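First chain A sits with chain B, and in the next complex the same chain sits with chain C.
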Partner chain A sequence: MSSRIFAALLRDTDGSPATEGESTASDDPEVRTDGGAVVDGADDPSSSTDTADASVITRLRRSRFLESLPFWGPPGLLVFFFVYGAISWNFLISLTGWEGLGAPDYSSLSTAAYTELLSDASFIAAFRNTIALLVVFTALSLVVGLFLAILVDQQIRFENTFRTIYLLPMSLSFVVTAIFWSWMYNPRIGLINVALRGVGLDALTQAWLSDPRFKLAAIIFALMWQFSGYCMVVYLAGLRAIPHDQYEAARIDGASTVRLYRRVIIPQLRASTMSAAVVLVVFALKAFDFLFVLFGVNPGSSADILSVMMFRVAFDRLQWAYGSAVAMVLFLMALSVIGPYLYLQYRRGEL
Partner chain B sequence: MSQHDPSDDAERLTRRHYVAGAGAIATVTLAGCSDDGGSGDDGSSDDGSGDDGSMDDGSDDGSGDTSELEIVHWWTAGGEQDAFNALLDGFREANPDVEVVDNPAPGGAGSAIDAVIQNRVIDGNPPSTFQIWPGQALTPYTNEDLLEDIGDSVWDDEMRDAYLDGVVELSQPAGDLVAVPINIHRLNNLFYNVSVVEDAGVDPSTIDSPQGLLDALETIDAETDATPLAHQTQSPWSSLQLWENVFIGQQSVDDYQTLLDGDVEGLEDEVRSALELLADYLEYIPEDAGSITWDQGNDGLIAGDAAFLHQGDWAAGQYEGASDFEFSDDWDMVPFPGTSGVYHSVIDSFVFPTNNPSPEATEQFLNYAGTVDAQERFNPIKGSIPPRTDVPMDEFGDFLTRQFEDFQNSDSQPPTIAHGTGVAPAIHSALDETFANFNGNLDVDAAYEGIRDAF
Partner chain C sequence: MSADAGDGSLLDGIDTSRIALYAVLLAMVAFYLAPLESGLTTAFKTPDGFRATTPFAPPPVGEFTTSAWGTAFERLSAGLLNSALMAVPATVLSALFGSLAAYGLTNLRWRGQIAVLVLFVAGVFIPYQAVLVPLTQFWSFVDLGGRIPLAVVDDYQGLINLSITHVAYGIPICTVLFRSYYATIDDEMLEAARLDGASAATIYRRIILPLSVPIFAVTLIYQFTQIWNDLLFAIVLVSDPSNQVVTVALNQLQGSFVQQFNLQMAGAFVAALPTLVVYVLFGEQFAKGVAGET
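What follows is the complex of A and B.
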């Protein structure tokens, strides 16, 4: 995915969208003949009819399944054990009621942890905050990223410099940005309140990170600052893939700039929006480090999110089963975002 | 490429065979590697070894007779690290044949060490010894018999006599003696900047109740520009420990013990009244209390921007380090109002995990940690008092010497909630969460319910 983005970035407006370029490439007969397996499939039936008494072994040796096995087998096994195996094991643990430092008891399984979740006020608060963070953060980052991308796309001077400046926060670790923003938000000496006071808006100064009303909003804003640069790059790649003719055609038809973007350009950025949104949502679900650095394991119910709650329940309270149940909820949330995305990609033949 | 050339076909076949062969070899190699890893490790890092580990007793294969002593601790901040190094120097002098592996898990007050130790203990791969609060914080380990009884090997009669009963009690939460306390901090301190309180006309030594402290905070707010109480609300533990002391100050140590035993509903009015007073206190804390750490708040006290600080006596180390800030001239401390006969103890200890990689060296270390020499080296630098009552106080300075006298004359040394000795980790964590919310919303009803549900 990212390689395609950068390829699109490098390509500079050459008139063909990235996705189209790839699909035409795979239709190209010359490229296909280079793949040994495909050619092999073509002459396989002829060889089996030549020697009618071909033994089972020969056929096995020739089967594409076995021949490709060394290539996908080992990585497949590793992924199976370490990803899907770990997820299944986590689910199993969530059913055991495992607490403390002993071994889990797999003999009596129940879904008690999940029913407990539903009546746990701190889970409900964390779930609500996670959803809010996910939706607001993703939407805001996309809007800001699109806006920046359109600005940077106007053939401005120092375009590369601006692009780097906007993308730079993305390269910083959450730990760095969390500490940085805790200074920004400091109610007494932080830049935000000092700036507000400087322009006479004393009434708007707040204890951003301790007042429950603003905590989550402050976190979302800081995360948006960090990720809107990424959205900008994705959108920029999308914009560069739109042929110039379309801009010209719209202009000739007398479309205003706003109308041009709203009716012609932005609808074509659907693929960019989708891919950026999926990445953002997954990051929002994992925003653990940012909150952990700011507040430790107890952000308070106004800013608690599921990933922090999962850590708190598991490592502070040694309630491993309950923590696993929270983890499963997080997993399902991520799956419910990525699943439809992958299915859509599959339907459109991009997988 | 489209025409059929037999030589081309054959050539391609061999090429394909090469690739297939290479793939097969790679697979076999990979399998071989993982096999080696499995057997070489003796399953110590394997998933299933949690059960295996606890079944074989004490001496782990191959590593039983090494004299490498791995110590996991969280003392990585300036003064703490110096104190720990002084302890290690003393131990190396006494036991030159043991090689010490210093393996810190940084993070204030054990925020990271728990995850490290728990994982290793569950995997059956514990370090030689690790730092932990005694008392209820040990219960997850004692519940699963993960700590060796060191009642005979380490706690000889001489050592038992030297410790106060309350401290010995905390070292045996489940009956057996399993921990060696190395230091004691006092929690119920009210530090103050002498010149600020004098400017406001407040005499801390005459404040005799938690309510009286609120009046003093009001006076300071009215009379000076200083922040009355240098408190932090970024993480919940400071408010939790302040609430504990308000509770003891308003009620009694007996009521506090009843609370620790879990009878919250019987003490509803008392709990609420402490919460209400705490909410009043929190009107007088720094504007940026939610963005600072406790030591940043303490810097304000040193600079004369704040009057009072409620904190464990580790805060005094910061005063020692500040220039031109002398004990009794510039700063001083009174016991938290209403708790003068109480030495509210925050204790660190070392334990002997079962399945120990170096049983002999661990025993040597624990024996050493219980000696006068060890505690005399460690505590003056750490800013705490020794749990042994027979340690000479020459090196300790005026403040700690006074604290030590208070300790020996104290009526009771109750354990604390905020620092793990008083309640099991699950309760502690639930209370932390309650006070994280309370810091934000000052909602007494919600906090009471949180406390009730936690126990």
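What follows is the complex of A and C.
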């Protein structure tokens, strides 16, 4: 039983056809079950032809490398330059103390920007808000997405239509959704307050986007609206990968629906939860567009987050080095999430 | 008679739980569509209309107007065109590069490719803030318009820079999407072609590309939506107003017509229209692209 659950956990979470590469696993260097920590070491012992002539194999492999180079080389160069080169350059800039309209001076480098960050009240506020945003937004979107996925998975009619509608916000630009939500949150004639008044809850009406107490919550709610459909899609793929007989078995045992999901189904969705959570957390770190459209560069200390602060410091105040330092903090936060995630994916042979 | 009653109550029992299920499903539909619906009705109202009526109510007689749509379209048409000029080539190129990279890192096996692959995959998750300052430095240093004496390059410098930037940052996700698909392609078939003397390029052109049509659809649709919807790169990289893309133009429209909600809503729909059309036509592919990000 436990091995079956493990197999279910190993399954791919996306919905593309026949994603399980198990049939080709025997000669697949990256699907290793020995948990090989060495990235490129250890010849595959399973293929007996390897023993015939090691030098031929080496040459063959080298030629495969050369043969493949024209395909991944040019895009790899672009990625290497634009992603890794740019991040290194950003780090260098953060050490220069560069400000204003001139050019950066790379001759004298110091970590002054980083020590300044630690005593900057606005950085600390933005850091705190970022953490609050990513925790609450991620948890909320996952819960709503799981709820939707379970609903949609009940062999309903018009399943495609329901799914399409729930995922629709995900296809919209944040500029568009921010405009919709600023109208929804309009204190006088926005739908939310109008609806609250309509059901006699006048006391709950708020100036959602200007009251410092509710700003961040209002943003989180709107972002949840936009991203929960994504979580639904991920969970739905996870649910569909669970063998049907597990439902049957639980039914025969007389388990109620709630119990079936709590005890049998949801525990098997760990892989889905993890990959969706990583995407949501990383998004929450770089969320910028939505807040920028609503508040410009100054969301106020109750809703300021690091990504907006970075933009404000660099592109509004022209404190380039300081902005780059904020960006490095964001990068390290993202790295602390994706590093373990990618390592785990690699260990599971899912990369 | 009693049997009939028994059947009836049994059906009733099934029906109430199913009815409750559909009621919840419909309530969620209302939740996801409410912002769009209240935006759509507002876009057809006069200012008096949207001030006097509830946001979700249809425009009352005499307060119906399409003038907001006309103004919004006029304001955004240049941005729409610029967005299309920028997004279409960037989408096609990033998908093509993604396909090539995925082939080289999946179907052509060699030692150490997993290390290269990790660098590609990690690129999906990079916070763009970490590259913004170097990007502006880089593009002002490259100065395509100053180096290439072509009127087109000079006129569209901002859009070209933006397009290339989107290609570069789109490659990681495109590679991931193509890779998960290419991993399912039968190795023996490729090996047989190789034994017949086909080169890697021939195998790509004759076998891989024809098989890639569905995943190209997924990737193109996903990437187009992503690139069209972006605001951050556009505000940082495009300074020339004549090169403004539609998200930036919409943000300005929103900022300059603060209380004119009908105009703001119409503008939001006009700017979103291309992605909405793509989504309605190819929702399935979009969902696959979204799910493939994990």
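Throughout what follows, the second predicted complex is superposed on the first by the 281 of 351 C-alpha atoms of A that agree within 3 Å, B and C clash if a C-alpha of one lies under 4 Å from a C-alpha of the other, contacts with A are read in each partner's own complex, and residues count from 1 in each chain.
As a convention for this text, a residue touches a chain if its C-beta (ideal position, glycine included) is under 8 Å from a C-beta of that chain, and two chains touch if they have at least 3 such contacts.
None of the values given here were measured: they were computed from a predicted structure.
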**Prompt:** Which partner does A:T164 contact after superposing on A: first (chain B), second (chain C), both, neither?
**Reply:** second
**Message:** After the superposition on A, what does A:G190 contact: first (chain B), second (chain C), both or neither?
**Reply:** both
**Asked** Is A:Q268 contacted by the first partner chain B, the second partner chain C, both or neither?
**Response** neither
**Message:** Looking only at chain A, is it chain B or chain C that touches more of its residues?
**Reply:** C
**Message:** With both complexes superposed on chain A, which partner does A:V297 reach: first (chain B), second (chain C), both or neither?
**Reply:** first
**Prompt:** Counting only touches as set out at the top, which of chain B and chain C does A:F315 meet: first, second, both, neither?
**Reply:** both
**Request:** Return first, second, both or neither, reflecting whether A:D289 touches chain B, chain C, both chains, or no partner chain.
**Result:** second
**Prompt:** Which partner does A:E67 reach: the first (chain B), the second (chain C), both, or neither?
**Reply:** both
**Request:** Answer with first, second, both or neither: which of chain B and chain C does A:S307 touch in the superposed model?
**Result:** second
**On chain A, positions contacted by chain B and by chain C** = 30, 39-40, 67, 69-71, 73-74, 182-183, 186, 189-190, 296, 315
**Sites on chain B touched by chain A in the complex** = 1-2, 4, 9, 12, 15-16, 20, 22-24, 26-27, 30, 50-51, 54, 111, 114-115, 118, 121-122, 140-141, 143-144, 146, 233-236, 286-292, 425-426, 428-430, 432-433, 435-437, 439-441
**Contact footprint of chain C on chain A as seen in their complex** = 12-19, 21, 24, 27-30, 39-40, 61-62, 64-65, 67-76, 78-87, 89-90, 93, 104, 148, 151-152, 154, 156, 160, 162-177, 179-184, 186, 189-191, 194, 198, 225, 229-230, 233-234, 237, 272, 275-276, 278-279, 282, 285-286, 288-289, 292-293, 296, 306-307, 310-311, 314-315, 320, 323-324, 326-328, 330-331, 333-334, 337-338, 342, 346, 351
**Contact set on chain C toward chain A in their complex** = 21-22, 24-25, 28-29, 31-36, 38-39, 42, 50-51, 54-56, 97-98, 100-101, 103-105, 108-123, 125-135, 137-138, 165, 167-169, 171-172, 175, 180-181, 183-184, 186-187, 199-201, 204, 215, 218, 225, 228-232, 235-236, 247, 250-251, 254-255, 261, 264-265, 267-269, 271-272, 275-276, 278-280, 283-284, 286-288, 290-294
**Touching residues on chain A, where the partner in the complex is chain B** = 30, 33, 36, 39-40, 43, 67, 69-71, 73-74, 100-103, 122, 182-183, 185-190, 207, 209-212, 215, 294-302, 312, 315-319
